[in-house]
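By written order: A, B, C and D. Residues from 1 in each chain.
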Amino acid sequence: VGGVFIRARELGLYLGALPTGKFNAITDVPGVTVGHVSLIQGHGKLIPGQGPVRTGVTAILPHSGNLYTQKCPAAVFPYNGFGKSIGMMYVEELGICENPILITNTLSIAAALEGGIDWVLKHNPGVGISERTPNIMVFECDDGYLNDIRGRHLKQRDVWQAIATATGGHVPEGNVGAGVGMSTFAYKAGAGTSSRIVKNSLGTWTLGVFMVCNFGEREDLTIKGVPFGRMFPEKEAPLIGNSNITIIATDAPLTCPELKQLAKRPELGLSRVGGISRWGSGDIDMAFSNYPWTHPNAKSQITDSAKFLNPLIEAVVDASEEACLNALFQAETMVGVDNHVREKIPVKQIIAHLRNANRLSPFV
Amino acid sequence: VGGVFIRARELGLYLGALPTGKFNAITDVPGVTVGHVSLIQGHGKLIPGQGPVRTGVTAILPHSGNLYTQKCPAAVFPYNGFGKSIGMMYVEELGICENPILITNTLSIAAALEGGIDWVLKHNPGVGISERTPNIMVFECDDGYLNDIRGRHLKQRDVWQAIATATGGHVPEGNVGAGVGMSTFAYKAGAGTSSRIVKNSLGTWTLGVFMVCNFGEREDLTIKGVPFGRMFPEKEAPLIGNSNITIIATDAPLTCPELKQLAKRPELGLSRVGGISRWGSGDIDMAFSNYPWTHPNAKSQITDSAKFLNPLIEAVVDASEEACLNALFQAETMVGVDNHVREKIPVKQIIAHLRNANRLSPFV
Amino acid sequence: VGGVFIRARELGLYLGALPTGKFNAITDVPGVTVGHVSLIQGHGKLIPGQGPVRTGVTAILPHSGNLYTQKCPAAVFPYNGFGKSIGMMYVEELGICENPILITNTLSIAAALEGGIDWVLKHNPGVGISERTPNIMVFECDDGYLNDIRGRHLKQRDVWQAIATATGGHVPEGNVGAGVGMSTFAYKAGAGTSSRIVKNSLGTWTLGVFMVCNFGEREDLTIKGVPFGRMFPEKEAPLIGNSNITIIATDAPLTCPELKQLAKRPELGLSRVGGISRWGSGDIDMAFSNYPWTHPNAKSQITDSAKFLNPLIEAVVDASEEACLNALFQAETMVGVDNHVREKIPVKQIIAHLRNANRLSPFV
Amino acid sequence: VGGVFIRARELGLYLGALPTGKFNAITDVPGVTVGHVSLIQGHGKLIPGQGPVRTGVTAILPHSGNLYTQKCPAAVFPYNGFGKSIGMMYVEELGICENPILITNTLSIAAALEGGIDWVLKHNPGVGISERTPNIMVFECDDGYLNDIRGRHLKQRDVWQAIATATGGHVPEGNVGAGVGMSTFAYKAGAGTSSRIVKNSLGTWTLGVFMVCNFGEREDLTIKGVPFGRMFPEKEAPLIGNSNITIIATDAPLTCPELKQLAKRPELGLSRVGGISRWGSGDIDMAFSNYPWTHPNAKSQITDSAKFLNPLIEAVVDASEEACLNALFQAETMVGVDNHVREKIPVKQIIAHLRNANRLSPFV
């Protein structure tokens, strides 16, 4: 316990009753890939523009085809709209995701946006000439406690690299990609992911969640109902910046209103680890389906949505809780600007406490 | 344990760190009153139109003055819009609550609406002649598992009585008012309330929550992180109807966007007892402030909202969790139509389990 | 000129370039039917509760099957949410219309709602027992200047009759149904309808608009750019109450986001007759498609929406303008409560002026 | 007629009955300033990345103080959300504008965003260290018919210059700033502005509109009800790209819901010149008030909003129509990429036609 590859489930924490996919990751949804670029450089005193640098970018690609021409139905939900994420309005209006989804720090959104535009232009020579301009989604969290966020160290080439290196299979978690400098409950957190396999009235589907975890005050932290945050009070007070991003992918055939149902649920999972979506945290959610659009039974679905949607809703809540715990457990202690420290969550004590309380089997 | 007046807190369940008001009820907010009318009649086989009757209506009055002329700033949030509540659009557009807030069953909304209109007309003789028409808010949940809901037994006089008898102080919970026929996690539930005292950058304020609890499947039930729902599986399957209504009152001086922040948070409290806001449940939230409008320090508030709003957000989440548990613990087993039974939640076992697990002190 | 059956187009007013359907009415959309019940009784002094009565109800049925089991995709848009219409939230969340659409006066919404619920219960014996409860849409405008609106003279039987007598073909306009007591620009107005035939990338479709016109001050009235309102100033000032309802029907296969596009456009047509959507007017729009759900080419539609949607958008704007003018031209002078008079719009002078100005051919 | 400084009003076109401010510009609102940077370079064949360049940026500053610390109440309304504008979510959630408002072309939004962030960081050294990160609003239209939009020629220094040179008084219109490459009804258009002086129940106020006009097909164009678009059909068909941005400023003391009322109305003005808000056009509106927050009579305002808001609503509609006509009349013919031509609107013929039709006095 304490190493790099310990995830919540390996620690005995079972969240919900549904089975996970093979990698317990968003990439379990066939076709979805994830790419991280991590920027970690320098130590000590903050010199804005120079460092230290503790940030990165994560790219999520809904499928391996041309995203701009093979658009996916999608929905967004700004549960807590105190954020500067880009591209929500278009998705709200049209219900379409048409590009790589990018996540980075709050002040690097312009670089990520430029990189995303650049990437689409490169792969679609008609855009802006004979075709319409693209909508790029850039989500953000504030990593300014550890990172020289004013320095805006992320460059377009980093965005390109994140997109170009996106792969399926195992997804690195913790201090990687957009998660490098992020914190949750004043512990080090970052990237986290989880998935569920769902059977409903139309078939068997995969749903995956990817999260950049960056919210909450220490006192909020709760796991399996145990208020660990109050057991381990934070020594140093000053918290600036948060925001939490959740991306939901599925291969289930869903309409926009149905995807919006899913996009509304991640905060219910975060609530189970103590999140109250504090003021000042842009807790933003997005969901897309890469099913090839219209299911032959789509009409029957409308009168059967309880059986159809509820298992997917359950999957979103459970996978969101687990992705957050994965982000916490997979992250390592980090020292950032001005020697600010975000400690690793005390895994051993927490697991010991939960084991003593008999909370580590699936049914407790 | 097992009687009528046992509330969560008396059982040793402490939710959150903030103190409650005197009555631990929405009526702790000065000026707010609550009135219940309960309709319970008949037994045995369902004969639509005749009974058995297991329903009621609850009225909440924001202050004791003329509500139509002394309007309150307000906000609504349909977290899960699968519901038939009335009057949301106007509040969303104008940010004003101007009448008694009514809650009843889904098919009695017309009677409640008519009663509410009638009441306003009576007290405002110029309405519809020289003054504009009123917006009545009627919220609803489906009590059809126990109640002859098709019979629409609620009458206008019941609505009047609920409004006319609304009082401050102690608020009955469980099988009363709109809560008479409601269930949660396939246990008997109904009305629940709780309050918190909050200190923030502008002063000391009271925030109260009133809830009609009617959601969830048995397997969802979780208290203090313990999955009781899976310990006590439901014997009979068929669940039709749910929806959950949460009304938030405060005397803190809040603008519409700020009240909307509060209206977005009750489901985070419900998530802590296992709620996932299933498809088909209209989980609707409303918040109002009866502070006499503009606080002299309103301008400073805008740059200080973290200190100002976060304690109120915390209060909403904690009080929502507690109101739901109060609804469950205060409700009694009820037999309804076709001898459908909603059992009382097994308080003794649950408390015993929590005590054994050392979860009954404020800090665990 | 001046009689009952003169419509804008017969007067030489051509709105837009698209052809109309056979009846130039919402009923040109195959399957759509409209039923009016008009309540006109008494004269002279207003005695609230007794009269005079100048009101009614209109029912629109999307198709002739069981609306509750064969739901239609739908969207609502509260352009100006100062209104008390019922049932919007559910449509916004689920994108479904599942019942007759009802329109009446602001204080009779409870009666209309009760009638609508009653009708659905009658035709669906499982509702509230083994099936979920229905969402009824009731739209409203304020006819209190002419009608004893406080008297709430509309009864459930009137609602039933409107539904039961709904037919296709010719749709009565002006002082009928929900339009009986309504006014626009301080002239008598009421019900109006119009339709367009549209060819787009997927085929040929019909789009129809039905409107209850009840908005604006005299000074706003403009036809073909001529500010008639300022030419014919209103003698008596007091205007209380307005709100304008627009229902859009089409047989084109549209998703919810696409229907919302349509629901956003009627006010653009109303603007052309001078409407500025004044504060206090609930200008509410709804659109539904009765196409049997998923078109085989739905996937291609997503990349071709300009060609697909723009003709339908044009149809909405033009038909909305024409429906409003039809409501004005088809209405007759009415004397209501306290001998309040709403004069018929001076058709002869307007047409003469437009003819002199050479504005009566299709291309000017 | 035909020169650079002819505005609609100088041509005899009076829109509405309210008086204008001194400059008939958004800068009539005390404190509001506007800065344009225009980029025009090269001729002939489009070589993406090289040119020809026909674009620019416009900055609008709500007041002359530190915008980040002295935030303004604000509202946004995406009437037609097919656009890539940035920063809407935060304003929707918090109701605050806190930075210069920027407008540019669709593919230069990243540069504008970076420039905006840079400007705020420079003037607020604590941002990202001890203070929260800023929300930058960047609005966009597509100028790709004339401009090498793929070349993204706008640089951060251009954004800085637009902000730094923003001034009150006369506001250049037509082919300037963000308006350089924009077209409306397939005529050259661009920047336009107008203002109104409004008296309401609380005092006398100024309301100004600034617009980047870039929408519509030729056939839509209508002025004073005359369908000029059909008189002057477009020779060449291909139109790619549009979107229309409207910024509303006022010194009236308005709450967020009231500002949203204003933000909803510009399209009613655009409808009067023939706009139907076609699919693919991001028609986005924003309104802010720079009144020093809470008016002493704010409480009375709530029961008097008709008298208070209606004159402001009228001002928005009339000023939006006039700003659009100013954009059209002030623009000059422009030759852009691949020798694409956007002709100047034929002012002489239009004015002659309107004069013959007796439509050039204020009351016709």
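What to note about this one:
Keep this in mind: contacts are C-beta pairs under 8 Å (C-beta built on N, C-alpha and C of every residue); 3 or more make two chains touch, one makes a residue touch a chain.
Quick caveat, the model's predicted, so the values are computed rather than measured.
Relative to chain C, the chain whose mean Cα position lies farthest away is A. Should one ask which of A-C and B-C has more C-beta pairs in contact, the pair is B-C. Between the Cα centres of chain C and chain D there is a gap of 32 Å.
We define each chain's centre as the mean of its Cα atoms; on that basis chain B and chain C are separated by 36 Å. Between chain A and chain C, the centres computed from C-alpha atoms are 45 Å apart. Annotation for chain D: residues 80, 93-94, 280 touch two or more other chains. Chain B contributes residues 46, 48, 78, 80-90, 92-94, 106-107, 109-111, 113-114, 117, 121, 127-136, 142, 144, 149-150, 152, 240-241, 280, 282, 284 to its touches with chain C in the complex.
For chain A in complex with chain C, the residues that touch the partner chain are 69, 71, 93-96, 255-257, 292-294, 298-299, 302-303. Residues 17, 79-80, 219, 222-227, 230-231, 261, 264-265, 267-269, 271-272, 275-280, 305-306, 309-310, 313-314, 317, 357-359, 363-364 of chain A are the ones that touch chain B when the two sit in their complex.
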